[in-house]
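In the two assemblies presented below, subunit A is common to both, partnered first by subunit B and then by subunit C.
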Partner chain A sequence: MFVTVFALIIINKAGGLIYNRTFHEGGLNKISTNDYLVLAGTFHGVHAITARLNPLHPPTNRTSTTSSTAAAAAGAGGAPGTHLTRPDPPSGLEVLETENFRMQCVTTLTGIKFLLFTDTTQANVDLAIRRVYDMYSDYVMKNPFYQLEMPVRCDMFDRKLASYIREINNR
Partner chain B sequence: MVVYSFYIFDRHTECIYAKTWLPQSSSASDNNNGPTTTTTGGTLRIASADDAKLIFGTVFSLRNMVRKLGGDDDAFVSFRTAHYKLHYYETASSLRLVMLTDTATLSMRNVLHQIYINLWVEYVVKNPLSPVEHKGGAGVKNELFELGLDQFIRGLM
Partner chain C sequence: MAHLGPGKAASSKEQAGLRYPSNGKTIYHRPLNRTKTAELSQSSFAYLFSEMVSYAQRRVTGIQELEKRLNLQGHPIGLKLLDLLLTREPPRSQTRPLTIIALLHFIKINLWTHLFGRQADRLEKSSNPDTPDEYMIVDNEPLVNAYISVPREMSQLNCAAFVAGIIEGVCDGAMFPARVTAHSVGGKEEGEMWPGKTVFLVKFQPEVLEREALIGKG
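Now for the complex of A and B:
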């Protein structure tokens, strides 16, 4: 099992790039920070579109069912805001595969996107990205000097992340 | 394996062919969606012209993104969300074939390549009555191509 993690990108809920780091040289092309910012914005838009393209559940249907169930719940004396059947939350792009790399995207409930670029042999990327999210909550969100939605500059996060990714890449 | 829809875009970024298939297996589980679903539409969203535009926009942006990161020879193969998977194949003449399937499907790159070789080249390119540019889908919607494609996709499902 040789998973090589090439890079990590974190995008905030407005589509701005807040963290970007390359771990493995030669995996991805070197592009400028400006290009990374453009890439983050583009991906944010594409992610929103892919959530809408779902061929199975029509978006108009979903709003009508939620309103009708809400009305039914209110009519039956239920607490307002409780839904009997909750439709599947819309889900945007999760895995992108190309000839040279594979990108896994996890969107947190707060709307932050973690993009992990690995090589094409896939194994346990879910686990790795979960771990990165854990580290983000531990070392970035708990940092009292970190301002929300702003670029991540936390030494502790950098160090822990580097040692975790090194562990994966040297396995 | 379920194929939801299939699109062809020409080198002028125009959608020259679009076709959707109704899923049979998932209809029972999704029928409790409310009274708004019509019998003709089934559970599949009625594909509009906007859908093709959105799909092309997505595919085009992702292709450029992938080229920027992976180098000019890199090609975007597929992406997956929680609900569907989109497969992409681009020929040397910038003809783009896109297919939407369920998430469990493995890579359909070779299938799209087969459609290009065995159906597109045979029935559209070699058709002497077909125009060179397929404006508005002219020359693509011929009987042999439609029939061959439908049979091929139904054979996969």
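Now for the complex of A and C:
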């Protein structure tokens, strides 16, 4: 059997841990609930720092593919006709890879972070994490008993998630 | 006959004002949604229903009261749907159901297809001889509960009480007064096929059974 997905962590926009689940024992070290909370908070901070630390995307102009003079003019006085678009906000840390596992992070537009810990050889993590986000928006956000920003306790979400990850892990 | 206001003596002349389409189809015969498949977004329904549940949850003291409120939200829909669905039947079969079985079939087939796009999964009569007035409509996965996970401390609750209210409205409108409640019967185990299975328990008033017995004799 090929084990590929180890664990999922969901962090709310304030850096609080709202969901954590291990799908396979042995892939990662076991840590206590308190450590999970610390891990979530720490990651949230690190992520915020990395979002500021990217020299590749200067946040002022991203449209200067044609001429740098136009952009400079736009910067100086807002020349008419210059096509200015709002740049994508820097995404921050997306992938963390070690020799034992790979961690992928997706931040949603509302600031929730999904962290999926997988085997280093796992392919299509983007797709899997996207699917997890879909399930979250279906079975958590459409549930009248869920309170925003609070820990996720939805049977239906647990069940659907488990069956989806089992499908991946048994492939 | 909405145009017959008070003080309209010459109503026979006005009659020409109310025109029917030549094919006899009025707005009641077709859904307002004219898209090809007549489908609606399940997500928008889910959000709406979620708000309905939250609304019903305000200032309630217990689960029974919450279910009662959801039931009340559904009741008027049932009353109106009975009329609407019968209007849409071909004129030959445009009578309201006259026996319990006909009524339950109408609910299982017509009502369910109209609301959820499929029939209910099963129809049962209570096997208990003490309660001959109880019938059960079984739905393996109610559409209204598609995204709802009831928290553990409210495990008695089933939000399909709203659908139970619709059924109750149909029964009341067809002159079969009844009490309808929704109960979850799906197992909580891991490999359960239908974890959201719901039974709608229809309990008719004694006079309904009395009448049914008289009709049976005649």
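We take it that the second predicted complex is superposed on the first by the 140 of 171 C-alpha atoms of A that agree within 3 Å, B and C clash if a C-alpha of one lies under 4 Å from a C-alpha of the other, contacts with A are read in each partner's own complex, and residues count from 1 in each chain.
The definition used in the following text is that contacts are C-beta pairs under 8 Å (C-beta built on N, C-alpha and C of every residue); 3 or more make two chains touch, one makes a residue touch a chain.
Everything numeric here is computed off the predicted structure, so don't read it as measured data.
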| item | value |
| --- | --- |
| Subunit A as common anchor, with subunit B and subunit C clashing or fitting | fit |
| Touching partner for A:M135 - first (subunit B), second (subunit C), both, neither | neither |
| First, second, both or neither for A:L28, with subunit B first and subunit C second | first |
| Partner chain in contact with A:R159 - subunit B first, subunit C second, else both or neither | second |
| Which superposed partner A:P144 touches (first subunit B, second subunit C, both, neither) | second |
| Subunit C versus subunit B, contacts on subunit A by residue | B |
| Contacts of A:F101 with subunit B and subunit C, given as first, second, both or neither | first |
| Partner chain in contact with A:S91 - subunit B first, subunit C second, else both or neither | first |
| Nearest-approach distance, in Å, of subunit C Cα atoms to those of subunit B in the combined model | 28 |
| Subunit B and subunit C footprints on subunit A, overlapping residues | none |
| Complex interface listing, subunit A residues touching subunit B | 28-29, 31, 35, 39, 42-43, 45-46, 49-58, 60-61, 64-65, 68, 85, 88, 91-101, 117 |
| Complex contact set, residues of subunit B against subunit A | 4-5, 20, 23, 26, 30, 32-34, 36-37, 43-47, 51, 54-55, 57-58, 61-62, 64-66, 68-71, 73-84, 86, 100, 107 |
| Subunit C partner contacts - residues on subunit A that touch it in the complex | 138-139, 142-145, 153-157, 159 |
| In the complex with subunit A, residue positions of subunit C that touch it | 43, 46-47, 49-51, 53-54, 57, 147-152, 154, 159, 188, 195 |
